[in-house]
Every structure is written in C-alpha cells, then in structure tokens.
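Following are the structures in question.
Each of the next two complexes has chain A plus one other chain: chain B in the first, chain C in the second.
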Partner chain A sequence: MNSIIQYQLYLRIENDGVFILSNKQIYDYQFEYNRIICDSQILYQIKDIIYYYMSVLENVRYIKIQKIGEGAYGIIYKAQDVQTQEIVALKKFKLSDYEGVPSCALREISILKQLNHPNIIKLISQIIINKKLHLVMNYYDKDLTEYLKFYHEEFHLKNIIYKILLAVEFIHSRKIIHRDLQPNNILVKNNEPVIIDFGLSRVFSPNLTPGVTQLWYRAPELLQNCHSYDYAIDMWSLGCIILEIALNKPLFMGQSEIHQLLLIKNLIDGDEWFKQNSQFAKFNNLFIDLINKLLQIDPTKRITSKQAIQHPFFQDQFAFIYNNE
Partner chain B sequence: LEFKLDLSMIIQKNGKTEEFYNLVLQSYLSKQQKPKEYLSKDDKGFDDEERIRFLNWLIEITYAYQMNYSTFFIVCSILDEYQKKTQNISRDNLHLTGVSCIYLASKFNDVIPLRLDQAIDISHNRLGRSKILKKELEIFECLDHQLNFSNGFLFLTLLLRLYLSKIKDKENDIIEI
Partner chain C sequence: ETIKNNEEPTPITFQTKSSPIPIQKEFYNINPLYLQEYHEKEYNFKTRAIILNRIQDNCLNLNNHYSHKAIYLYDLFLSRLSTKTINNQTQLRFLSLAMIFVATKMNAETPNITSLLSQSSLNMTKQQLIQYERFILKVLDWHTNPLTLQDIIFEVIYSFYNVFPNQKTQSD
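Showing the complex of A and B:
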C-alpha cells in the first residue's frame, strides 16, 4: 500500500494537478511546487501523505488549511506549522513585478517588529515563498463582532475595554497611529482582546491622508478632509467601539461620508446629548462620562489614551457599564 | 523613542536657545545610540564628500517629487544604517543603492508613494526594473525589516507639538516625547 502511494505521489510531483490517493478515491486540490492547498476534511485524511511529502522537501514549513479573509493587500490563510504543529495565520502580500514590496506590507512589518505587548498581535516571522511575502502570525478564531453575538458577563466586557485601551496607549506611546481600529480588527480569545491589522498604521507625521479607517468608525475631522490629524482619530474609533460593546450594535451606520457626518451631528448635539437619549438611560454615570469624553467632535478636547486609562470608571471596581437597579 | 525633558531648564537659562537646543539634542542622540562615524574610509568606498554630494542631490529629488519632508531624513538613516551593517557601498553602486533607498523610504513614509517608473526616471533610465527591486528587497532584509528610525525631523516635530500644547495648560514642566 505504502509503495503505491509513494509511486503515485512521485508521478504527481512531475505532472502537477489532480492527486490520486488510492485506487478508489480521487482528491482534487491545488498542488504547487512547495505548498498544498485543500479543504480541512481532506487534509485530515491525507495528513500522513503530506507529512511524507514534507520530509522529501525540507523547505516546506507551513501547510495552508483554509482561506480566512481577503483584502486589497492580499489574502489571509489559516495554516499549520509542520515543525511545531501550531496553528498560525498567514498573511500573503502580492509582490508584483511593478511595485516590489507593497507599502502597506513595509509599514506593517516594521511597525509590528517594534510592538511587543500581550494585547497586540505578535509577528512570528516573515518568509518569502514563490516571490510572495508571507507574514506569520498567531491565529485567533473570533473577532469582536462575533464575540458580542453571545451573552457575556459584564466584568469580562469591562476587562476587554480596559485591555484595548492599554494596548492603544502602548501604540500611541511609540508615536504610531493605528488608523484602522474597528471591531473586525480586534480579536478575542479567552476574554482577552488582541489588536491586529497594522496595514494602515504609520508613524506620526505632520502631513497625512484623510481616507483611513472604516466609515462607521471614522472621526469627524477625517470626514471633513483634514490633512493634519493626530492620535485623536484612534480615540474616536475607540469611543464608537466601546459604545458598540455596550449597546451590542454599531453606533453610526452611515452609507456615505455626508450621511455619516449627519448621523454624528444628529446624535451629538450640545454638551448634554447623552441625557436626552433614552438609549443611554440604563448606563452608569461614570461610563457615560468616559463616552462623552471620547466622543468629542473637537479633536483637541478629546481625551488622550493615557488620560482614558486613568479615568475613574476603571479606578472604581464596582462601576459597571449598566446600572444595577 | 522615549525621552523626558525638563521644561524648567528653559526658564532658568533664560533665552539662550542655541545652548538649550544642543543640550536636548545631545541627550537625545546618546539615548538613541546613533552611529557617530557614518563611513568607512577605504580607497574605493564612498567617503564623506561622496555622501554629501548624494544628500545634496537627494534634497532636489525630494523637492521635485513632492515627498514628505521627513522622507529625506529616513532615506539618510536607511543609507547610513545599511552602510554600517554591510560596509559595501562603493562609488560604483552608490547610484543603485541610493535610488533603492529613496524608493523604499518613499513607500514607507509618503502619502502618495513613488512609483517604480518614477524611481527609474530619477536614475535617468540607467537602472533596470529588476535591479532596483532586487536591491530594495536586499536592503529591507539586511535592516532586519526595520525602517522606523528616529530622526531629527520627527524629534523636532514632536517637541514643537508638545511645546505648543504646553503653552495652553501650564500644569507641569516635564514633557515626554
């Protein structure tokens, strides 16, 4: 039996394409010179063969299991490390012949290398396979939107909010603006958040592009096409995310930039906007104060990440998001 | 990029800005452990004069292609760091290395990055596409994928920003950069 499989494997290496496992079953999957892409079920069945194949070609390190996400920059795969059996996430960038290493990859790698924090994704290594740049990172299966679909204890939610703020403070203290904070870019594992996706982030500079952050979490000064913003745009996104955690739905769901700006202006009207809205009646006073300080339209009045950590809401152990009465 | 500065020094010294600036910059640079000797002085290697000529030309390039002001400083740090690590920039390959550095830094730092066509334009069509891309990857890997150098421009921007914000509220005299 073994010898037959080996023989067929040998054949397929030369031909590329459909791969015959035994006489009865035919498995169809993509097969290239040093990597294998297939479904997870099939992978389980042909695991031994793949490991045999691995031992032939020593330069194989990761087996791609499944595609997780796709973006303008490239594709993210779930993969398994052959040497340590660990599940990792592979982020693939296209290295085109026209532009070389894409600028978002340049920024992401050099920024992630600087950041070493338990609540920020860790870059394990970066490799080049078939002229494509792959970033190897830890794998987490849940993001914040999926996490919020289930009921969770309040102290878990408060802990998540606090840990996100700690991580953002860490990023800002390194003079980096994240510029793409949104629930999809915050992963949760064992009630601990992890911030990912530094493709848009960059070092502070006096002149920047306004077209960053997902529309629902975009700060008002960005919507007004401002070219010289600072860390305050991250704090606005955080304000939206924290309210989303509490309300369990996104706060501003604009369809265009104008619509988004209108929604913001409608909700935040004067200094006492949160008192007029029945949505916020069930919240704790300290929590409302924190939100109010984060969602300031004037970026200079918005609190910084450092001040947010020292806010009384986090100092008081018994202050929860909702009123207990 | 962590650095603390005592603003009360300014008030005591009363006006001598140049002295104050030197003091700040010295303590800042000593924290960064910047290389003080940029160049190796062998016969065919690129020497001080060569470097200054290159940087002069670089100022024109950054102006002509409307790059960020800080890009100039980043190109400069990349070039120095690369020379420090490999010691193999010579008069012959300075052109290629320089253009690759400009291309890399622009992609890292600029709002609208330089296109490869423009990079070839800068070299007056003397360098090929694949040559630049190969060198670019080589530099990027040699620097351990780390392009985020602190530079004088960033330092001054942050200092100015903090100083302006401190004028508004005079709570404490120590600023952190």
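Showing the complex of A and C:
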C-alpha cells in the first residue's frame, strides 16, 4: 500500500486493453482476459500495485526472461509461464494497420494447428494484445548446429536422422512443403529432434516463389529459378542436413546462388560421385546409398520422404553412419 | 536421470507410425446442411450463389488463383458461426472480401488492400477489412489452411507433367 502512495500512480484502462501506470515513467501492461505479458524487472518494481489493482497475480501469465532471437518477422523471447512454472518461447509479430496479420504468422499458426507430432514444435496458444501477436511455444535451448559441436553416440545420430525424416514425412503427408529446413530450424532436446519455423511453409500449388530456404540448403532447381517445384526441395535440404550430421560441417557453403550451384555441380558429378571423394570413404554403404538418393540433381529422381523412411539403412539395426572397423 | 539412461544404449526400433488419415478433417469439416440453420429470408442458396459469384469475379479481377480456398473458408466460417443471424446483406459481401484477403495471404504474397477494396464496388474501409480478418480468425480459431480438391488436382497435374514432359509443351 505504501508503494502506491509513493508512486502516486493512476491507472487507466484503454479500449484495447492496455493498462498504463504512470509516474515519471510509463509502464505498459498488455493483457487479454487473464493473460499479461510484462518484463520481469518492471514486474518486481510494481508488483504491489498489480496486487492491489487487480487483486490477484494470476492475471499475469507469462513473464519475459530474456531475448533469444530476432528475425525479419519479429523477436523471440524466453519466458516463464507463471501458472505452470514452465519455460516457454514467445514469438512476437507486429500487426500493421495496412496488412493486418502478417502472412508468415498466419501460415505458421494455421499449419502448426494441423500438425500434431512429437517431432514438430507444439503451438501452445496465440495471444493478440496491443497490436502485437504472440505465439506461445515450447522452449528448447539447443539447435542442431550447437548439438553437433559435442561428441554424440552414433545411435543417437541415427535416431535423430530417422526422427527428422519421420517428421518430414508427416508434414508431406499433409500436403505441406516446409521450404525452410536447415540445422538452425531443428532443435534438439534429450537426443530427440524438433522441427520449428513454419513461416515459409505452404500447401503445394502450381506457381511457387523460388527464393526460399537458406542458401546452403537450397535445392538446385530453386537455384535455377524454377517456379514449379514440389516436396523434393525439402528432401534436398534433408540430404544436406544428414551429411552435415555425419561430416560435422556444412556440405555446400556457397556465397551466392551461382557459387552454390557451382559447388553442387563440382561435387555431384556422374552417378559414382561419392566414390571419388575421400571424405566419404569411411561411411557405411547403406548410408552412402541413402545420401546418393537424396542428393539427386533431378528432382524427379530424388526419393520421397515415404521411400526414405523405408530405406534399408533404417531397417538394418546394425548399420550406422560409419563403418565399424 | 536422462543422462544415466543414455549410458546403457537401448535398441532403437525404427518403425513407421504415422497414419495416412489427415487430421484436417476434424477442424475443416463443413456441415453440408448448415444453410438450414439460418433463417431462409436472411440467407439461402440463392444468396450464397450470389456471394460465390462475387468471390469468383473479384478473384478474376485480381488475377488471383485461390478463389476455391476463399469459398471453402467462407462456408466453413458460416457453418462455425455461433449466432446464425444475418442482419445486413452487405455484411456477407464484406465477409467475402475479407475471405479473399485471408486466402490470398495464406497462399501467395499479401494482396494490395487498396486494389482489393477499389475493384470491389463496396464501401469498405481498411479498418473494417482488418476487423473482419480478426473476426474470421477468431471464429475459425486460426484454421485457415483447408485442403481442397483443387490442390489435389494441381498435384496430379504436376506429377503427370513430370512423367510426360512432352505433353506440357503441346498444351502450352
């Protein structure tokens, strides 16, 4: 109570649900029904006031802990759910007056609502407050790039490869193309991968934009500016990711589209390209066969996700990435 | 605890589990008799046909190929709406325009709002369109990605041309 007198605050409720508590500084409180998002420092300062005015802290749902990422679409925060003590990730989009909900947010939400799979990120809820859209998702602290910096048992690696393929098969069976598969969009927790970031995903259609996927994982038909492609572009990205898991470094690191295409053409030359290259000599034959089928330049010859999960490499329990000798 | 488990490698069985039945059906199921839930004077097959015609025309004007999705979402929206009363026929026209807006956003680049509004002979403002969009998303609970028959046909045609590339040059 003292603090209220001390701050000499007054409280105003605006029509779209924003509390402004002002003294010398203005604090913005964003809420919808019983959810409030606010910064942890500010919360500490004026906790008493919130207790007083809203009588309960249960109206505060998520407390931001720190910023963990930033992209063209918005900012990602690590936050804590007050009710369940769970750590979650908040992805924030700005809603503009000219375009309404951004298309990447719309696609991501509607697609994630359809995909319920253990290896695909779960959308907990979406909140619109104060012209900002927040997606609440499960939090994972490691992505595949960071995971590969440490040594891991081969059966874990094989499990990760298989689980990624299962998730992609699940996505494809629902007629969705992910279009942005890369190690940064695969998170790992307890040796189980989780695919995230469906902002570029969409349903198959005859006319698609070729400028998708991160350059290093972009399929050759996209680099050649082709406007009609299909699920095969995801399979190419997967081929690159799987080889990256085995080699522990990205396969093609092009600086431009032409450079990238040149690197691909240099490595994949003829049907027996993997035999000429010494860095593939230590790999298991079945593994090489899988890679060869994924990294086909012609998209119609590339295997589909359904065929990939039935590949003999996964049927044989003792086949690992490297030869055992 | 999890680290301890990892020390003793348990044999991992690699089996496929995913089912071929799409989950889509639960959310995107339209009650085929939803029209009967409305008062016949307010909304009937005839008004629906007029609105669908408008959606087709608007999409044609904008060279937009996603009218099928807009129509699906329009029907889905009306079947999901809890209060089945329509006070004003212009509401339906506003709704149809907002549906085109949402469907295009899902499938192509964000459409230009000004050209979308100007080519329709409606007195709709940008704010109204965005309000309608919010309302649609609320009613549909953000399920704006329906799979229509057209999508399957696109895929069949695509794979057909992959197998018979000669046919494509002939049809062009």
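Criterion: the second predicted complex is superposed on the first by the 266 of 325 C-alpha atoms of A that agree within 3 Å, B and C clash if a C-alpha of one lies under 4 Å from a C-alpha of the other, contacts with A are read in each partner's own complex, and residues count from 1 in each chain.
By definition in this document, a contact is a pair of C-beta atoms (placed from the backbone, for glycine too) under 8 Å apart; a residue touches a chain by one contact, two chains touch by 3 or more.
Since this is a predicted model, take the numbers as computed values, not measurements.
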Clash-or-fit label for the pair chain B, chain C on chain A: clash
First (chain B), second (chain C), both or neither touched by A:N248: neither
Touching partner for A:Q276 - first (chain B), second (chain C), both, neither: neither
Which superposed partner A:K175 touches (first chain B, second chain C, both, neither): both
Partner chain in contact with A:L106 - chain B first, chain C second, else both or neither: both
Chain B versus chain C as contact partner of A:I309, first or second or both or neither: second
Touching partner for A:S205 - first (chain B), second (chain C), both, neither: both
Partner chain(s) touched by A:N323 [first = chain B, second = chain C, both, neither]: neither
Chain B or chain C, by number of chain A residues touched: C
Chain A residues contacted in one complex by chain B, in the other by chain C: 97-103, 106-107, 109-111, 113-114, 126, 173-175, 202-207, 230
Interface residues, chain C side, partner chain A - complex: 2, 6, 9, 11-14, 16-18, 20, 22-24, 27, 65, 101-102, 105-107, 109-110, 113, 126-127, 129-130, 133-134, 137, 141-145, 147, 151-152, 154-155, 157-159, 162
Complex contacts: residues of chain A adjacent to chain B: 97-103, 106-107, 109-111, 113-114, 126, 173-175, 202-209, 230
Chain A - residues contacting chain C, complex: 97-103, 106-107, 109-111, 113-114, 116-117, 126, 128, 153, 155-156, 158-159, 162, 166, 169-170, 173-176, 190-191, 202-207, 228, 230, 300, 309-310, 314-315, 317
Touch list for chain B against partner chain A, complex: 1-2, 68-70, 103-104, 107-109, 111, 113, 115-116, 129, 132-133, 136-137, 140, 144-148, 154, 157-158, 161
